[in-house]
Every structure is written in C-alpha cells, then in structure tokens.
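Shared chain: subunit A. Partners: subunit B in the first complex, subunit C in the second.
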Partner chain A sequence: MTLPFLILAIMTLAGGVAAMTMRRLVHCALALVVSFAGLSALYLNLGAEFAGLAQLLVYVGAIAILIVFAILLTRGGEGEPEGAFSPAGIVGAVVALAVFAVLAWAVETSGVARAGVTVAAPQITMREIGFALMQRYVLPLEVIALMLTAAMIGAVILALREKRNDSAGDSGAAQKQGLRA
Partner chain B sequence: MISPGAVDQVFVTLKDWIVFHTPAPLQTLVSIVIEVATIIVVFAALFALATVFERKGLGRMQNRYGPNRVGPFGVFQPIADAVKSLTKEDVVPRAADHVVHYLAPLVLVGVVFLTYAVLPVGRNMTAVNLDAGVLYFFAVGAATELAIFMAGWSSHNKYSLLGAMRAIAQMVSYEIPLILSSVAVIMIAGTLSTVKIVELQARYSNGLAHWYVFTPWGLAGFILFMIAATAETNRSPFDLPEGESEIISGYFIEYSGFKFALFFLAEYLEMFAVSGLGITLFLGGWSSPVSFLAWIPSWLWFFGKLLALLFAFIWVRGTVPRLRMDQLMNFAWKFMLPMTLVTILSAGIWHFLTVAVVGPKPLGGVIRWLVCALVIFVPYITLARVLERGRRIEKRVYRFAE
Partner chain C sequence: MTPLAGCLLVSALLFSVGLAGALTRRSAILVLAGIELMLNAANLNFIAFWRFGAHPEFLTGLIFVIFSIAVAAAEAAVGLALILAIYRHARTSDVSEITEMKG
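Take a look at the complex of A and B:
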C-alpha cells in the first residue's frame, strides 16, 4: 500500500460517505464527484490510462452534470431528507452487500487469484485499445451504441409533452408558425 | 557563436542542469516543481499581457484609446488591476453556500492549469508525455463545467444560476463538435499523444511542413475547432452566459475582489489552453511552416502562434454581435455537428487516396486535395442552403424599443 494509493482511497471513500450523509442534494452530488475523481485517479495510479481518463470524462464531465441538472430541474429536491436508517437504507445495504459478495467471489475464483502470483502489469497502449474496439469488438460496440440511442430517443418521447390541438393559444401559435413559413 | 539548436533547447538544458545539481532523492520532485512552476508563471504572465492586449485591441477597433494611464501606453495596467483586485473587499452573500462559493474559483483555475500538462510548448518541452494526451486534455477540461455550476449554484442568486445553466448547456453542446473536429487529426496521425502529433507535422517536403491545416479536412477541422473553442471558453460571440444586458454577469455576479480575478484568469487560461491544443493538432505545434525558418526556436513558434490566435479571438470579439440562445443551439446541432462528421469522412477518404490510387506526386497530390475539398465543400453548400430555406429576411420589427 503506497502513499498515493492511500490518499486516493481515503478521498474516494470519504467522497462516497459524504455523498450518502450530507443533507443538501447538491452537496451530495458534489461529494459524489470527489469520489468519481478519486476512482479515476486510482485507475491512473494502476496504469490503466484509458479507463481512468474515460472515467473522468464520462463521470465527472457528463454524469455529474446530468445529476446536478436533474436536481435543479426537478422541484422538491430540497425536501426533508429521510434518516440514514430508513427501510430504503436497509434495502440499499442488502443490495450493496450482494454486489460486494458477487464481486469478491468473482475476484477470488478468477485465474489471477488462483495462480497466486503477481502478474506484471500489461502495457496496453491506446492504439491497441482502438484496434480492439474497432476490429474484434466492433459488433458489441455498435450494439451498445444502438441500444443507448434507442434508450435516449425513448426517454425523449416519454418526456415530450403531448401536443394539444384544442387549446386556442396553441393553435394560434401554430397558425403564426404557418404564416411565417 | 551559439548554434540554433542550443537556443532551441536552452530551457530544457537549464532544467536538466538544475536537476543535476540537486541531491538524488529530491531530483524527481525538483523536476516536477520546475515544470509546474514554469507553466504557472509563464501562462499567468501571458494572461497579464493578454488583458492589456485585449483592451488596447478592442479600444482600437472601437475608435477609442483603451487603457493609457499606467506606464507607457498603459502597459502596466495589469499590475494596477492586480493591486486593485487584491485590495478590494471580498463580499460573500449571506445566503451563499460559503464552502462551495469559496471552492468554485479555486477548482476552476486548478482544473484549467491541469490541462497544460500535455501541451507541447516547444521541442522536448512537454510536462507529461501521455500516450492519451488529447483524451487527457478533454477529460480534465470537462471538469470546468462543474466548477462553473458550483459558482452559479452556491451564489444563491437567480442570475448566477441562470448564467451557470446557460454556460453548461453551451459547453456541453459545443464539446461534441470540439472533440469530433479533433478526431480527424487523431485518425490520420494514428495517435492520441500530443507530442507525436506535433512530430508528425514537423516534417517537410519541398520546404513546406506537413501541417494538418494545409489539408482540406484539416482546414475545415481547424475552423470548426476554433469556433467550438470560442463557444467552449464562453467568449464573444458566444458569451451568453455572462450576457450583461439580460443576466447582469452570469455565474460570477456574486464574486468580488480576487475571486473574481481568478474567474477572469481561468477564462483566459482556458482560451490559451484550447488555442494551444488547436495549434498542436492543426498548426504543427512548435514547428515552423517552412523549412528555411526552422532555425527560429521552437518555443518562439508556439507562443507566436498562440498570440496570433489570441489576436483572432480579440478581433472576433470586437466584430461579431452576441448570438441568441436558439441560434446558439441550432448552430451547434444543425451545422457544427454535421460538418465535423463530414470532416471525418473527408479525412477517411484522404487516408485511402494514396499514391497508388491517384498517381504520382505533383498531379496525384492535387487530385487528392481537390477530391477531399469537394467532399467538404458540397455538403457545406447543401447544408447552408437547407438551413437557410424557409427563412425570409425581413425588416426587423421592435415591439418595445421603437
């Protein structure tokens, strides 16, 4: 356990704990960002350059912005928070334990753990990752892209307000649009 | 007689000399500290220079003098500004979220400085030679949006929040064309490392450098990149987030004194950083455009190009009026995004039109250039026509300002 690892681990965990315990939702989101940044720094510390930078780009750059936008655009985000030991918290704890158990089991039964040797860190360049994504794994990549697009369009359609034709104001606006075009 | 190579490497030699004369256990630390301190000092000095440059330049464009009281021609104005902002009272609104309000400018400046790590400012003068340099730049740069949100939200002021929302919406929208326009370069260079991208462009044939801006897709990509960069740094004509007439000053209304100066600093630093990336990707980084000028030190080339782009930024600011929100979004999604995709297509065609396909050098090169230019030009005209269709330009009617 090196010093950088220790600092980053504390930062990640503290961020996570703060995200769960703070009162205001925006503070929680910001604390979550600290946790994300710590995680990405941990990846970089392990030499996984692409994973670390992608984590930073996606989570800090996009997901965090999405979260704060969601908090700000939906009213009632500042309501009375429930206590830390609400029924939802217990369910959450059970889910977290289950995920941890599955991950721990997967790590323990993987080849690396069974072999019991420290494997030299593979030196993977961005070029190789690019080739892998564009050649061997191009089909999964495209399928995921298609699924995400479908999900996004679906979300937009769900959120779209239904057009009302009977209200006078709307038809007036539509007429104006027609005139202009 | 000092050789040009020695002048070119003078800073690298100096750093190596200092590191060599420090005790062995401290060498790594000293090396890092020198690099970081140099970046901070040089670009902060450039910021001071840029403020006076901008105010004088804008003044000239608007038929006025600009600052001319402090020192000869007002060149010491930045010092007066610094003293003023340091001595001003730091007002924090009572309703503000004090911790986040305090952290926002620091996070912003810190994050922007981080992006400089991968910029090659001269031959062998890159702080960190990352294999994924361009990706690093965008990944770290993405965190600036969060700092702006922190500033806007913590001020507890509706104009701040509106400004922050505008800024984030704009930055998220223009990040896509910004990244996609650099994809073409990455495709052709076959690497994400900023150092290698510059080295690939620093080769000469017939005395002319292989800068990517000399290719049709590179030229189009460079223009798109700089437009997206202007929007990304919230500069005029994309400065809606601080629209004075509508939301007073956007996300930094509630900042005063040195914290405001930090926002100002971060904005300029962001501009330098993204211009630096544009120079690295398209304008050959520290290389000279023609081989007979290669004796000029590489760092002089980089900063010369940076100042030229800075002047372009000031010129645009003095010329173009501010966009409306709907114009901004339409421009990003309906024009910039398709055009960047066309640029990528053109770069792909460029890659496959090798000597074997189009024939030997002089004529084949011209054919290749024209074909790739056509691939960009035809969609550009079509897109512009389609977007213009159905829009009648008529006399503007003012409802309240007659």
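Take a look at the complex of A and C:
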C-alpha cells in the first residue's frame, strides 16, 4: 500500500460517505462526483488506464449530470423536509455494517489476499485492448451495443409516455371534479 | 497488508457505504446512487484481481470492467427515467411514500 493509494482511497470513501449522509440532494450529487473521480484515479493508480478514463468519461461526465438533472426535475434540490433517512434506517445501517464485517473477515482470512505479492504492473497497450475487444470479446461488445440502444430507446419512452398519461390523468381528474361539482 | 488486501478492503468499505445509503435514504435518486457505488466497488475488485492476479495479459478483469461501466450507464439512464416517470405520477420521489403500484 503506497501513499497515493491511501490518499485516493480516503478521497473515494469520504466522497461516498458524504454522498450517502448529506441532507441536500445537490450536495450529495457533488460528493458522488468526488467519489467517482477518486475511483477513476484509483484505476489509473492500479495500471488500468483505459478503465480509469472510461470511468471518468462515463461516471463523472454522464451519470453525474444525469443525476443532477433528475434531482432538479424532481424538485429534490429543495431538500427533504421530513428527514433524509427512512424510519427503518437504523436497520439498514446495521445490515450494511454486518455485510462489511463479513467481507472484511473474508478478506483478512483468505489466503489469496495474503499471498498476493507485489508484481510489476502489467504493460497493456491500447492496441491489445482493441484487439481483445474486436476478436475475443466481439460478441459481448455487440450485445452491449444492442443493450445500450435498447436502454436509450427505453429511457426515452419511459420519460415520454407518462406525460401523455399524465395529461389524460389530469383531464380525468378534471372530469371527476366536474362530476363532484 | 498486501496491496490486493488493501484494494479489497477499500472495495468492501465502499460497498457497505453504498448498501447503507441504498437501504436508509428516502430519496429514490440517492438509492440509485447507492447502487452505483456498490457497482463501482465490484469494479474495483475486478481491477484489483486483474492487476495482482495470475494472468494480467489475458485482460479479463479489465474488459469486464469496461462492459460493466457500459451496463451501469444504461442502468442509470433507465433508472433515472423510471424515477422521473414515478415522480410525474406520484408527485414524490420519496421511496417510503411510494407504497402502491396501482396506476
């Protein structure tokens, strides 16, 4: 464990904890960006340049913006008046602590983690990743392309269709009110 | 502590933070963010095992992480669209108030 790794790990974890505990949703989204950027730097630190830059592009660039837009579109920016945590929140925290205890115990007792020796960083060029994606993993790549298209169409349909239903529901509500009147 | 164990512990902590957030927060958007954190913790494990594992030249963990990032992007887009649709319908994004699925 080197000093850069420790700094990046602390940055990632602090960002994650802040994202999950802050009260205002916009602050949570910004803390989440810090966490994602820290993770991306961790990937770079571990020698996975392509994954680190993809993480930076996709998470910090796209998903964070999506989350901010979702917060603003749902009026979450005003904060949560009745408390940010659900009534049974303590149970969830206990469950998460128990999961961490089990995971940490497994890591500490496993022989794999203990026997891990410091090996030289693998020298991976972009060319090798490209060949791997185009030859050995070409079928998963095509499936991912299809899935991304489907997800894009699905997200657009989901975000659009309710609008029509909403207007129909509004007119229905208006009719009900008319009947009541 | 070996570097691999350090990575695994950081990843376990990040997973627990995400799980705690997904289980305790009221806002549906933050529940989704917690799920994203858990996905990222799994990605960190893949990278760590790829880096300190036996055969890094096969690129297995790295390619898996790239695909996982793509899946997470699709999941976030569809999840946030669902939250928007639910918000338009129920006028709230508080998961403890969305108690019925009846349209």
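By definition in this document, the second predicted complex is superposed on the first by the 117 of 181 C-alpha atoms of A that agree within 3 Å, B and C clash if a C-alpha of one lies under 4 Å from a C-alpha of the other, contacts with A are read in each partner's own complex, and residues count from 1 in each chain.
The criterion applied here is as follows: a contact is a pair of C-beta atoms (placed from the backbone, for glycine too) under 8 Å apart; a residue touches a chain by one contact, two chains touch by 3 or more.
Quantities reported herein were computed from a predicted structural model and do not represent experimental measurements.
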Which of subunit B and subunit C A:Phe50 touches, first, second, both or neither: both
Which of subunit B and subunit C A:Met11 touches, first, second, both or neither: neither
Which of subunit B and subunit C A:Met126 touches, first, second, both or neither: first
Contacts of A:Ala104 with subunit B and subunit C, given as first, second, both or neither: second
Which superposed partner A:Val34 touches (first subunit B, second subunit C, both, neither): neither
Superposition-derived comparison: subunit B or subunit C, residues of subunit A touched: C
First, second, both or neither for A:Ala62, with subunit B first and subunit C second: both
First (subunit B), second (subunit C), both or neither touched by A:Gly154: second
Touched partner set for A:Leu72, first subunit B, second subunit C, both or neither: first
Touching both subunit B and subunit C, residues of subunit A: 50, 54, 62, 69
Subunit B-touching residues of subunit A, taken from the complex the two chains share: 26-27, 30, 33, 37, 49-50, 53-54, 56-57, 60-62, 64-65, 68-69, 72, 125-127, 180-181
Subunit A - residues contacting subunit C, complex: 1-2, 5, 9, 12-13, 16-17, 19-21, 25, 28-29, 32, 35-36, 39, 42-43, 46-48, 50-51, 54-55, 58-59, 62-63, 66-67, 69-71, 73-74, 76, 80, 82-87, 89-93, 95-97, 99-100, 103-104, 107-108, 112-119, 121-122, 124, 128-129, 132-133, 137, 140, 144, 147-148, 150-152, 154-156, 158-159, 161-163, 165-166, 169
Complex contacts: residues of subunit B adjacent to subunit A: 100, 130-132, 135-136, 138-140, 142-143, 145-146, 149-150, 153, 161, 165, 168, 172, 175, 190-193, 390, 392
Residues on subunit C engaged by subunit A in the complex (per definition of touch): 1-10, 12-27, 29-30, 32-34, 36-37, 40, 43-44, 47-48, 50-52, 56-57, 59, 62-63, 65-67, 69-78, 80-85, 87-89, 93-96, 103
